[in-house]
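Dropping the structures in below, format is C-alpha cells.
Look at the two complexes coming up: chain A is in both, with chain B in one and chain C in the other.
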Partner chain A sequence: MDHFEVFGLPRRLAIDTAELQRRFYELSRRYHPDFHQAAPPEEQARALEASARLNAAYRALRDPIARVEYLVRLEEGRDTKEGATVKPKAPPELLEEMFEIQEALAEAKAGGLDEAGRAALVAQRDRLATRLRDEEARLVGPLSEQWDASRPAERQRALATIKESLAIRAYLRTVVDDLNDALGESQEGYVTNRRH
Partner chain B sequence: MSRIVGIDLGTTNSLVGYVDETTGLPRVIPDAEGRVLLPSVVSFAREGVLVGEAAKRLLVRRPATTIYSVKRLMGRGYEDIKDELCYLPFKVVPCDGIVKIQVENREVTPPEVSAIVLRSLKERAEKHFGEPIEKAVITVPAYFNDSQRQATKDAGRIAGLDVVRIVNEPTAASLAYGLHRLKAGVIAVYDLGGGTFDISILRVKDGVFEVLATNGNTHLGGDDFDRAILVWLLDDILSKHGVYLGRDSEAMQELRLAAEAAKIRLSAEERATLTIPFDGFTYHREITRVELEGLIGKLVDSTLGPCRVALADAGLVPSDIDEVVLVGGSTRVPLLRRRVEDLFGKTPHSQLNPDEVVALGAAVQAHILAGGITSMLLLDVTPLSLGIETLGGIVSVLIPRNTTIPTSAREMFTTSVDGQTIVDLHVVQGERELAKDCRSLARFELSGIDPMPAGMPKIEVTFLIDANGILQAQAKELRTGKAAAIEVRPTYGLSETEVERMVEEAFAYAEADVEARLLIETRNEADTVITHVERALRQGGGLVSGEERESIREALGELRRVRATEDRERIRETTTALNRATEHLAEVMMDAALKGALSSKRAAEIMAGGAEPTEDPASPGTS
Partner chain C sequence: MAYSEKVVDHYNNPRNVGSFAKDAPGVGTGLVGAPECGDVMKLQIKVNLQTGVIEDAKFKTFGCGSAIASSSLATEWLKGKTVDEAGKIKNTDIVNELKLPPVKIHCSVLAEDAIKAALADYKTKWIKEGAAAASST
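On to the complex of A and B.
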C-alpha cells in the first residue's frame, strides 16, 4: 500500500491539507496502539504496523515538497531511501556566480572575514535564499500542477522536470547552509536542514 | 484490564497518580504523612535502604552513600558525565559502556537506584488501593534518547512493574491541562525540571493532542542553577575566609542545599540570607535576586535556542502560539518567566501545580490505555533523528526527528565480500552529519546470510520506533525470504540477562523494615543534635560556667555512647536529655546574638537542631 492509498487518495500532488489532517486524526483513532492495549498480541502488532504506516504516510504527504519527493520515489519504484539522494545540480544561470561564492567561502574558512567580505557573503546568501524559495514555489506550484494534468504519455517528461528542479533545490540548500555556517548564523550551531 | 498508575520519575521528586473513576479527574497519591512529593533520593545504609524524605535527611551526613539526581545518569556513558562528577559526593565509575555508582563495597546501576524510588511509589499506590499494582505509565523528558528511555523501562521492570508506556513529560502535562479546559489551539509546553529541559509544541483539536515538534536538553535544570550558585559561594568563601571547601563533601552538600534554598526563596523575595556554620567560622552572606539572575542568566538563555528550533521545525512563528504552559519546579524562577514571555510574546501560565502536573498527565495516559478514556488521543513524536552509519562515517537518516510515532523505515543492505554471512550495522541517534558526533544506540549484527557473491544478498531491515519512542528492528533476506537473526548490542544499556539478574537481586536492596528505619532516623536525629551541641560549645561555651559546660559535655558523651546501641527508645531519651542540658546555653547564646555577637537567626537554628534549609513546605523544590 503506498502513502496515497493509505488515505484513499489518487496519486495526485494537489491535496487539501485540512482534509488530510482530518482523515489523519480519524484513522489515528482507529489504529493507534493506545486503543488496542487489551487486544490479543497479533491484533496489537497489526495496529502498530497500521499506525506506523499511517504516520509515515501523513509525514510524506502533508508537506508539499516532501510529497513531490515521495512521488518521484514512488514513480521510480523505490520504496526505501536507498539511492534516494538527489544529486545536487547548480542552476545553469548561476554557474559563474557559484565559482565566486565557492572562492569566498574558501577564503572565509581559511582566514575569517572582513567587514566588506562579510557584507558580500550576506548579500549572496540572501539572493540565493530568494532563489531557493522561488524554486520551491515552482515545484509545489506549476510543476506539481503540470504533473497532475499530464496524460500518461507526458508523465516521464513532467517527472524529469520535477527531478531537475529537486536537484537545483538540493544544490541551493547546501550552498545556503554553507554560507550560513561561514557567517556563523546557522541556528544554534548544530541544527541544519540539509538532511531533512 | 487491571489498574494502571501514572508515575512521574523526576530528577528531584517523584509522584504517583491515578484517575478517580467517579469524578474522572486525575489525583496524586499522598504518603501516610500526606506528602505527595517523594524526594528521588536513595540512601544505602548498613541497616537497609532508605528512600524519600528519610534518605534526603541523610544527604549531608552520609554524602558518599546517599544518591540523588540519579536521573541525570540514566542511560549515560562515563564520557557524557565525567565533567560533573566533581560535584557529586558519591562515586561514579565506568562499567561496560554505562556507569555504576559505588556504595561502600557494592556497585549499583542508575536503573537499580531508580527502581528503589519506583518501588516505594508502587507500595504507596498499593496501600492506597489495597490491591497489588503491577502496571504503570512512567514519564521521561521528551528529549530523552533511546538509551535513556530503555534505562527507565528497565528501572520499572526491576521494581516489579510492567511499564505499559513511556510518556514524554511535556505531553503528559498537556493531557492534564486538556482534561481541564479542552480548547483547540497551538500550545507550547516549556518544562524545566531539576535536571532536564523540554520544549514541546502541540496542536490540540477534536481531542487529539498532536505534537508538532519537540526539543530540549537532557542535562539542564534546577540542579545547574544550584551548581552555579554553589561555585560562586565556594569562591566567596575562599576570598573571605581563605578556605576552599570544594573537596569536603559534607560542606559541599550543605552549600548545595543552602544554594537551592536561597534560589527558591529568591523566586518570592528580592533578597535571601545564608548563614552556615563551618568548622572554625560561620559563613554569612546575603544574596539578591539580581545577583542570582547574573549567575543563572546564561543557563536560562540557553533554553531559548531549543525553543526557536522547535518552532521552526513545527513550521511556526511565535505569534502562532495560542498558549504557553509552564511545567516543572524550576519555572518558578521570575527571570525565566520574563524570558519565555519575551520569546513568545505571551504571558505564560501554570494554573496546575507545576510539580504535580506531569504525574496527573501520566495518570490520564494510564487511564486512556486502560480503556477508561476514549475521547482523547496523544500523538507524540521521536525527538531525535534515527540513522545508520554508512561509508566514511556519514549518517544516513532513516527516521527524521519530530516524526509521529509509532513509525517505521525500511532499508536495504548487502555484503561487500564474497561469501560474507554476517553484516554489521551501527545505529545512531542525533542531528549531526558524522556518526561519531551522534549518539551511538546499538550495533546490530545480521547473521545467517547464505554465502553469495558480494552485493548479491538483499537484506531488508525494518526499523520501528514504537509508541514509547524505543527502537525495534527486524531483518529479512529477500532472495531467500529467510529472516536474518539480529543481535542487538546496546551501546549504553543493560543486556536482557543483566536486567533479569537485577530483577532477582532487587530484593537485596529491599527497603529497611519499619524498625530499622526508625532506628536509623533516631540515630540520625542524635547525630544532628551532637553536631549542633559540639558547634555551640565551640562558639558559645565561654558564655556559661565551667560547671555547666561540664554537665553538657557529660550529656554529650552519654549520647555518643548510647547512639551505638540498638535501643531506639534509649537513644531518643538521651537525645532529649542532651537537648535539655543545653537549653540555658541556647538562651545565653541567643542573648549574645541579639547583642550582635552572633547571627540571631542562626543561633536559634543551631539550638533548635533543625536548620534544614530545604524544608520549606510553602515553596517546594524543583521536580
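On to the complex of A and C.
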C-alpha cells in the first residue's frame, strides 16, 4: 500500500492539507493502540502496523515538496534517494555557476572576510535564496499541476520536468546553505541536507 | 557516520587539488554534480598527445568527505594510465578501495561520471590533433 492509498487518495499532487489532517486524526484514533488493548494480539499488531504506516504516509504527504519527492520515488519504484534509474540532469550552465560560486566562496573564506566581502556574500546569498524560493514555487505550483493534468502518455515528460526542478532546487539549497555557513548565519536547529 | 581510514586520509590530505587551464594542450575537463545532495565536482586530466598517457590529473570537489575522497583517489589512479585504461575505472573499484557505505555509493558514481566526462571532453578537443601529432612523428 503506498502513502496515497493509505488515505484513499489518487496519485495526485494537489491535496487539501486541512482535509488530509482531518483524515489523519480520524484514522489515528481508529488505529490507536489504546483502543485495541482488549483485542487479540494479532489484531493489536495489525493496529500498530497500520498506525506506523499512517504516520509515515502523513509525513510524506503533508509537505508539498516532500510529496513531490515521494511521488518521484514511487513512480520509479524505489525507497530512498539512492539509485535513481534515470539521473535528473540540471542544466550544465547551472553546474558551472554553482562551481564558480563555491570556488569564489572557498577563496573568500581562505582570505578572511572583510566588510565589503561579507556584504557581497550577503547579496549573493539573498539572490540565490530568491531563486530557490522561485524554484520551489514552480515545483509545488505549475509543475505539480502539470503532473496532475497529464495523460498517461505525457506522464514521463511531466516527471522528468519535476526531477530536473528537484535537481535545480538541490544545487541552489546547497549553495545557499554553504553561503549561510560562511556568513555564520546557519539557522538554529536547521539541519543541512548533506555534508555528513 | 564513521568514515573508513582511507576516506579520512584522502579528506585530510587530498591529492592533486587544483586545476589546469581548460584549453591547454591535452587537457580534458569533466564537471559533474550530484542532484541528490547538490555536490559539485571538477576533474581534469592532462594527456600526453604523443603517447595517449595521462600525465597529470587534478580535481576540485565541493561536497562531503566521501565525494572528496572519491575524486582524490580517482586522480591518483588516473595518472600513468592510458586514456583507454582510464575508461575502465568503475565506481565499484572506488567503493571497494574506500569501503564506502551504501548511502555514499553515489559519491563514487559521481567520481566515475567525472572521469568519463573528462575523457569525453579530451576526446572531442584533442583526439584529432593527437592522432595527427602522433602520425606526423
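The rule is simple: the second predicted complex is superposed on the first by the 164 of 196 C-alpha atoms of A that agree within 3 Å, B and C clash if a C-alpha of one lies under 4 Å from a C-alpha of the other, contacts with A are read in each partner's own complex, and residues count from 1 in each chain.
Note that contacts are C-beta pairs under 8 Å (C-beta built on N, C-alpha and C of every residue); 3 or more make two chains touch, one makes a residue touch a chain.
Quick caveat: nothing in here was measured; it's all calculated off a predicted structure.
Asks: If you stack the two complexes on chain A, which partner ends up touching A:48: first (chain B), second (chain C), both, or neither?
Replies: first
Asks: First (chain B), second (chain C), both or neither: which does A:20 touch?
Replies: Touch status of A:20: no partner.
Asks: In the overlay, answer first, second, both or neither for which of chain B and chain C A:173 touches.
Replies: second
Asks: After lining up the shared chain so the two structures overlap, which partner does A:56 touch, if you call chain B first and chain C second: first, second, both or neither?
Replies: In the superposition, A:56 contacts chain B only.
Asks: Is A:32 touching the first partner chain B, the second partner chain C, both, or neither of them?
Replies: A:32: touches chain B, not chain C.
Asks: Tell me which partner A:90 touches in the superposition: chain B (first), chain C (second), both or neither.
Replies: Second partner only, chain C.
Asks: Which partner chains sit in contact with A:140 here, chain B, chain C, both or neither? Use first/second/both/neither.
Replies: Once the two structures are laid over each other on A, A:140 reaches no partner at all.
Asks: Once chain A of both complexes is superposed, is A:102 in touch with chain B (first), chain C (second), both, or neither?
Replies: Only chain C is touched by A:102; chain B is not.
Asks: So which positions on chain A get touched by both chain B and chain C?
Replies: 81-82, 194-196
Asks: Touching residues of chain B toward chain A in the complex: what are they?
Replies: Interface residues on chain B, with respect to chain A: 1, 164-165, 205-206, 208, 210, 305-306, 308-309, 312, 368-371, 374, 377-379, 385, 395-398, 400-401, 403-412, 431-433, 460, 464, 466-467.
Asks: Using the touch rule from the top, collect the residues of chain A that touch chain C in their complex.
Replies: Result: residues 81-82, 84, 87-90, 92, 95-96, 98-99, 102-103, 106, 163, 166-167, 170-175, 178, 193-196 of chain A touch chain C.
Asks: Would you tell me which residues of chain C are touching chain A in their complex?
Replies: Per the touch definition, chain C meets chain A at residues 1, 31-33, 35-40, 42, 60, 62-64, 102-103, 105-106.
Asks: Would you pull the chain A residues touching chain B in the complex into a rising list?
Replies: Residues 25, 28-29, 32-35, 37-38, 48-49, 51-53, 55-56, 58-59, 79-82, 187-188, 190-192, 194-196.
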